[in-house]
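First chain written, first letter: the chains are A, B, C and D, and each begins at residue 1.
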Amino acid sequence: MLNTEITAGAELVQELVDANHILHHLSIVDAFGHVSVRHDRDPARFLLARNLAPVRVRAADILEYAVATGEPLAADPPRLYLERYIHSEIYRARPDVMAVVHNHSPAVLPFCVARGARLKPVCHMAGFLGGASARDGPALFEIRNHAGNASDLLIRSQALGAALARTLSDGRVVLMRGHGCTVVADTLRVAVFRAVYTEVNAKLMLQSLPLGALEFLTPEEADATRITNEGQAARAWDLWREQAQRADQDQ
Amino acid sequence: MLNTEITAGAELVQELVDANHILHHLSIVDAFGHVSVRHDRDPARFLLARNLAPVRVRAADILEYAVATGEPLAADPPRLYLERYIHSEIYRARPDVMAVVHNHSPAVLPFCVARGARLKPVCHMAGFLGGASARDGPALFEIRNHAGNASDLLIRSQALGAALARTLSDGRVVLMRGHGCTVVADTLRVAVFRAVYTEVNAKLMLQSLPLGALEFLTPEEADATRITNEGQAARAWDLWREQAQRADQDQ
Amino acid sequence: MLNTEITAGAELVQELVDANHILHHLSIVDAFGHVSVRHDRDPARFLLARNLAPVRVRAADILEYAVATGEPLAADPPRLYLERYIHSEIYRARPDVMAVVHNHSPAVLPFCVARGARLKPVCHMAGFLGGASARDGPALFEIRNHAGNASDLLIRSQALGAALARTLSDGRVVLMRGHGCTVVADTLRVAVFRAVYTEVNAKLMLQSLPLGALEFLTPEEADATRITNEGQAARAWDLWREQAQRADQDQ
Amino acid sequence: MLNTEITAGAELVQELVDANHILHHLSIVDAFGHVSVRHDRDPARFLLARNLAPVRVRAADILEYAVATGEPLAADPPRLYLERYIHSEIYRARPDVMAVVHNHSPAVLPFCVARGARLKPVCHMAGFLGGASARDGPALFEIRNHAGNASDLLIRSQALGAALARTLSDGRVVLMRGHGCTVVADTLRVAVFRAVYTEVNAKLMLQSLPLGALEFLTPEEADATRITNEGQAARAWDLWREQAQRADQDQ
């Protein structure tokens, strides 16, 4: 049932469907949130589902979009995600980025809501949150600085997507005030891995605070653990895909 | 197996059954709590189940009630919810309200129990909790002001229902001290959506407090996000109904 | 497969099996914890399973015990719960008690571990925790006062069971330091209901504390809500039994 | 499908497979973490799966390793866990240890992350965390003292495994800063039991802290409860294995 207008590889489309389901079954997305991947044959395009809850996405729901505009290439598209510009503008600003996850996962949100809170790596699975290039953890995007005090908080234009990409800069994760986060990587599997462990590390910080001051990873530990653990990401992906597929069959 | 005395549309009855199941599967209600909808052909009536845990409600369990009295129209009714006057009196006071959810969801309760706590929107999914008309978030109904210090806290009369409706005023949510909350909307789907995201926002506030002072949505942001997100409520409803139906089949 | 030595009614035995499964599926017991009921034809006996995780209990696993000794009536009994004297001594001291639940449910434990903490009713479902006869909530049993500083904390003798029953006094719930709680009622269904809502109220208190001082039910509200809600316990029991039976079938 | 190079008893291999699945279904391990058992016929060997998420481990995935080196005995092994030296070095230093669990369970991590936090037994199920030989609870292994400030936190060499074993000393649990914990016992079932109740006690401590100062078990109570409860571990193991097997079949 592959969408006939899709020019990307069928394997990549399937991997994107799997990513949608994995993120749902790990409670990183629910009815809302979305995940995209850059086209494997044309870096000026990316793949993203139509407006649909991620667990309901099938291959036929995947559309191709232009990085330059954030608009679908199909002539008569179905209803689209309002925030597709998160994806397009990050792909435009960051040629190294191959996949983008946007979500509202529950333990990350407090870091988008409490003034001055910083999300930083406390455990070895989340080194990607810090390191030499991100000593204070992910930056926070305050949409009021770009859209004023009366916006609906959504990244609903190219201009807002570009502003978000500027805040992300060369980072791996950007927090969005009152809204959620966006996670990027150079493969789809690592983007999913990072979205999951951003949530894990956030939850761990929240649970640890009552016990006292936290011992964060050093920047060097953060970089070293990131390299090691992302080399183990296949073990997690294989498990998560298997679990998501079983959950889908049960349904 | 549609109740023969039902004069409302079969689609509306089915939607009310779905709402009961969705609220259960999202843990907004459990053995207790209930949801009603105004009659689609006669605004002086509303539909509500007999005394039954929401997940067990089927079409044959739905009864028609008079807004004027809170009593069922059927001659020889089965056992009824003690608190049906929550529904009748709100429909009476608020012609704009088409659906009412009453529940005890776990993260909302703390805001009904801790003195001086205020539930206010911190994330874009819950703008309906604030806005220009509700700058301090939902009002709290203190039943002691109406029933004294020895009541069983239930809205078990028209007089108490009317008092609750007065506290709700033109709001969307009213908290009930030591008890739970009641949520209203101009469609059944939006009432369910609001009940779910009232819980989500409450949980988020509880988890964020240890991190520091919270950044609430501005009234203008709250109104703008409410309008946008309630336009996306179908995406959530379609997912939730599908998940609830699958859970029912599993059973 | 009813145990041939059972002289109690088959319906009561089945209800006790159901209670075991319900308490498991609501996470009130896990591998540990147990529930008993007084014999329906001989108040000097009670029914309790052999040493087995509650969800695995079937009718054939139910034994009859003597209230006077806490020992089984069968000649060659299987392995027994070490703490059967919790049950026997409460039945001995309290002729009004018809059912006893002993458990380690997760939100109750903090109130058995933190010095000076008091579990008191904050919501209308848990009025039984307070009222005119229990203004400060359930008493705490400190086993060190009876067994010294080197015990294994278990109620492993008639003497310790009698001491626990004295601390329970005319109450409905007794907390046990470092261990769990024991809940009693005049029917099995209400004992299960109280065990569940003891956990719910404890969790609610824990979640509410960061928000500020708590507003407890007045003693009069506690008594009034207890009477009302225990009259609604059938709605919960019917749901819980249905859910437990479905979960068992899935297995 | 038993691995042809396995010389250990088939029952022990199956028990190790069960332990992998139990630890997964109780959320003690996820994609990461591992469990081993000493060889039943040759104490210089131990059994551990290849590099695989525990719930996916089958008998054919179990390999034999040399205690002396931490390397597999098979000539052409598949991909291995990087941290197999946790197991080998503890078996080498501790002839009494017959099983080792390494995990990152969520409530234990805060005690590995917050400076100065101590995990100590507050409930009777977790006496093994204290006692006369462990009055302050498990020691914390700070890898910076052994590998400097730029490590990836993993026990990826015999030298680091030996350092961890020295910190464990004659203990039952060792915490690992920013990483997780390692639990040992003289049987596989008790090692699993201890890993589970280390998590339970940690969660209980975290939930109790807002209520006030905690009442820990005395060293004598800790020893007494450990002896009693580990005598009841079969009740838990039988339940957990049954539940894990059912979950596997559902899948």
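One rule holds in what follows: contacts are C-beta pairs under 8 Å (C-beta built on N, C-alpha and C of every residue); 3 or more make two chains touch, one makes a residue touch a chain.
Quick caveat, the model's predicted, so the values are computed rather than measured.
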{"item": "Of all other chains, the one whose Cα centre sits farthest from subunit B", "value": "D"}
{"item": "Euclidean distance of C-alpha centroids - subunit B vs subunit D, Å", "value": "46"}
{"item": "Subunit A and subunit B: spacing of chain centres that average the CA atoms, whole Å", "value": "33"}
{"item": "Overlap residues in subunit A, where contacts from two or more other chains coincide", "value": "209-210, 250"}
{"item": "Pairs of chains found to touch, sorted by chain label", "value": "A-B, A-D, B-C, C-D"}
{"item": "In the complex, subunit C residues that touch subunit B", "value": "122-125, 127, 200, 203-205, 207-215, 217-218, 220-221, 224-225, 227-229, 232, 235-236, 238-240, 242-243, 246, 250"}
{"item": "Residues on subunit C engaged by subunit D in the complex (per definition of touch)", "value": "30-32, 51-53, 55-56, 82, 104, 106-107, 109-117, 149-154, 177-179, 206, 209-210, 250-251"}
